[in-house]
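Chain naming follows the written order as A, B and C, and within any one chain the residues start at number 1.
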Amino acid sequence: MPDLAQSPALASPQISLKGVVKNFGAHRVIDHLDLSIPQGQKVALIGPSGSGKSTVLRLIKGLETYQQGSIEVAGASVPARSSSWRLPGTKKAPVVHRVGMVFQQFNLFPHLTVQENITEAPFRVLKLSREEALERAHQYLGLVGLSHKADAYPAQLSGGQQQRVAIARALAMRPQVMLFDEVTSALDPELVGEVLAVIRAIAHEQQMTMLLVTHEMKFAQDIADRVLFMEAGKIVADGTPEQILVNPDNERTRRFLNLVEKR
Amino acid sequence: MFFDPTAVETARFIARQLANGALVTLQITFFAQLIVVSMSFVIALMRLSPWRVLRWIATVYVEILRGISALVLLFYLFFILPLFGISLSPMTTGVLGLGLTFSAYGSEIVRSALSNVSRGQRDALQALDFDSITAFRRIVLPQALPFMLPPMGNQLVELLKTTSLVSLITLSDLTFSGGQLITTLGQQTLIWSIVLVCYFVMAWPMSWLVKRYERRVTSWRRSVAAEGAAS
Amino acid sequence: MNFDYAFAWSIVPDLFQGLLVTVQVVVLGFLLAVLLGLLLAIAQRSRLCVLRRLSSGYLSFFRNTPLMVQLYVLFFALPLVGITLPAVSTGVIGLGLYYGSYIAEAFRGAIDGVPAGQWEAARALDFDSATTWQRIILPQALKPMLPVLGNYLIGMFKETPLLAVISIPELFQAAKQIAGMTYRYNEPYTVMALMFLAISVPTSLLFKYFERRSHA
């Protein structure tokens, strides 16, 4: 299997981080990180907690500031300071909606119904008509298998259902990149399967770029084209699931995998 | 640099008058606060007591005093009590009126802090067979105190501010002194602004202390909670 | 000293006029206070340091000085800068400015109570800040605010006797005038106290009822 990251056909990556440094007070969370991801690639980020995996996702979404380096997503640069980022060359142009993100804690809006949770952003941000937004809501609720819960409030759903709604909410913006930040970590074990099944389906059907931070090694192996192992703010191993998860040649990766399996 | 001697004289006059007034304001605040603290505990314990009559009396006390404003109560004490043959000096009226009003709010603070000390704690006390006064003093109170100190501190700031009302029943506090200065000097906006700043200078340090204490207590509680969650 | 019921009854209409003014000032002052409180609380979350500082300074000053002296300053200072308003308007502004600082603090607490994840989710969906406030943060912050606002409304109502010091013909002023003219203190002040209770106790019960219902 060819190393996708180094493939010459993918000269212009969809996501590119160059020499990115992020400090949290005196603590260095991301340490001169270089990463480039071509369009359509499914990347799993693994590593011990506190290694900076989630921070990488949050940097790509522009939720975090950074001190050095540069980040580009789909040809637009993500500024180091501002919270919202804009298309190059446009000052007050609409914010780019190319990156969707799903959180560990779902973060659904508790005062809105499932359907309103999904239509809100297409309606307010993409300025779709109510009908178009509703249509999208139905489409993606169908995709995550929750059409019958359109009028429920988040509190009336199980954790797994809430997370599926959160995925539908992010997808309804039709992003080019989807970021999944430990989306099953807050779930009871019996609810993990339904969420992973939804993500698996998306990974197989859609050609969007996906980045997942996960502790589910089997799942990572199953859907990822590429696995990154992070430690102390650096990528210490980068390769196919085969190379990283099945026959790790890196000592630290091996130790980490042993630890995860024992748990 | 040249100072107009009469202006300096006037400034000193103003300062002296306001300082005297501020002293009275602090006195009233102090004595009223004594009433507030003692009555707050009495009423709170009555509301938590097992006897229905006591609970009922305490509830009526709180509801009535909270329903009437401090000013109305002051006027009632000042103008109506003499009609029943009870004459109080303005100072006593001021201290009593403010003390009673604020004790109604204070008792709620004490009550909620005391009932915050969990039921489990109280069961444990009974199992240990502490007599109830010792238990209250040694176990319940030290735990409840961090909960009640910040709101009590804020109440004290409110009390200090509210003492300005006593100027309306002829007590020569800071506000009253301001009014007197205006009758001799005019300059309403200037004098009232100075009075405003005087109150701020007295109240702000108190508010600041409360905020600081609150931050320390909450950070301590948070760290305890975090350790509890981790273990 | 006896209580003359006939006299007490005869002064009710006059006092009622005062009560109407009181209610009017309170309602308008309350609306101003809520609006101002909201703006101050939002300013506390601003990315601009200047706005945060200004808001904090405002809160600190208005919360650490007596309303009565604030009213005096307002009453005499407004005409100096060329603003001449009827006393009632001055009262509305005074109450609004003062209570705005308290309500701002309550709003701030309620806004802080909205989990950080809600802000992040809003940003992950690329909401601009106006939409985030309007659709996500404020609807969640306002619900627990309702009983708090109720308490402030009642508090403001009880504070209105103060408006007499800037000669607003509200309830307390009306009682004082009757007492001054007739040299009878018992009836006017008692009827006035009853009127205060008649408004504040039911209002307090009403808000307690709302609170219980919103918890259910």
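Everything below uses one rule, namely that a residue touches a chain if its C-beta (ideal position, glycine included) is under 8 Å from a C-beta of that chain, and two chains touch if they have at least 3 such contacts.
All figures in this text were calculated on a predicted structure; none of them were measured in a lab.
Tell me, please, which chain's centre (mean of its C-alpha atoms) is farthest from the centre of subunit C?
Checked the centroid distances; the maximum from subunit C is A.
Out of every possible chain pairing, which has the most C-beta contacts?
Highest contact count among chain pairs: B-C.
Between subunit B and subunit C, what distance separates the C-alpha centroids? Give it in angstrom.
Distance between chain centres: 20 Å.
With chain centres taken as the means of their Cα atoms, state the distance from subunit A to subunit B in Å.
Measuring from centre to centre gives 54 Å for this pair.
I'd like the Å distance between the centres of subunit A and subunit C, where a centre is the mean of that chain's Cα atoms.
47
Could you list which residues of subunit A touch at least two other chains?
In subunit A, nothing touches at least two other chains.
So in the complex, the part of subunit B that touches subunit C is made up of which residues?
The contact residues of subunit B facing subunit C are 63-64, 67-69, 71-72, 75-76, 79-80, 83-84, 157, 161-165, 167-168, 175, 178, 188-189, 192-193, 195-196, 199-200, 203-204, 207.
Per the contact definition, I'd like the list of subunit C residues that touch subunit B in the complex.
Within the complex, subunit C contacts subunit B at residues 1, 60-61, 63-70, 72-73, 76-77, 80, 158-162, 165, 172, 179, 185-186, 189-190, 192-193, 196-197, 200-201, 204.
Give the list of subunit A residues in touch with subunit C in this complex.
61-63, 83-84, 95-97, 100-101, 103, 105-111, 120-121, 124-125, 166, 169-170, 173
Once bound in the complex, which stretches of subunit C touch subunit A?
Against subunit A, the touching part of subunit C is residues 115, 117-118, 120-121, 123-128, 131, 135-136, 139-140, 143.
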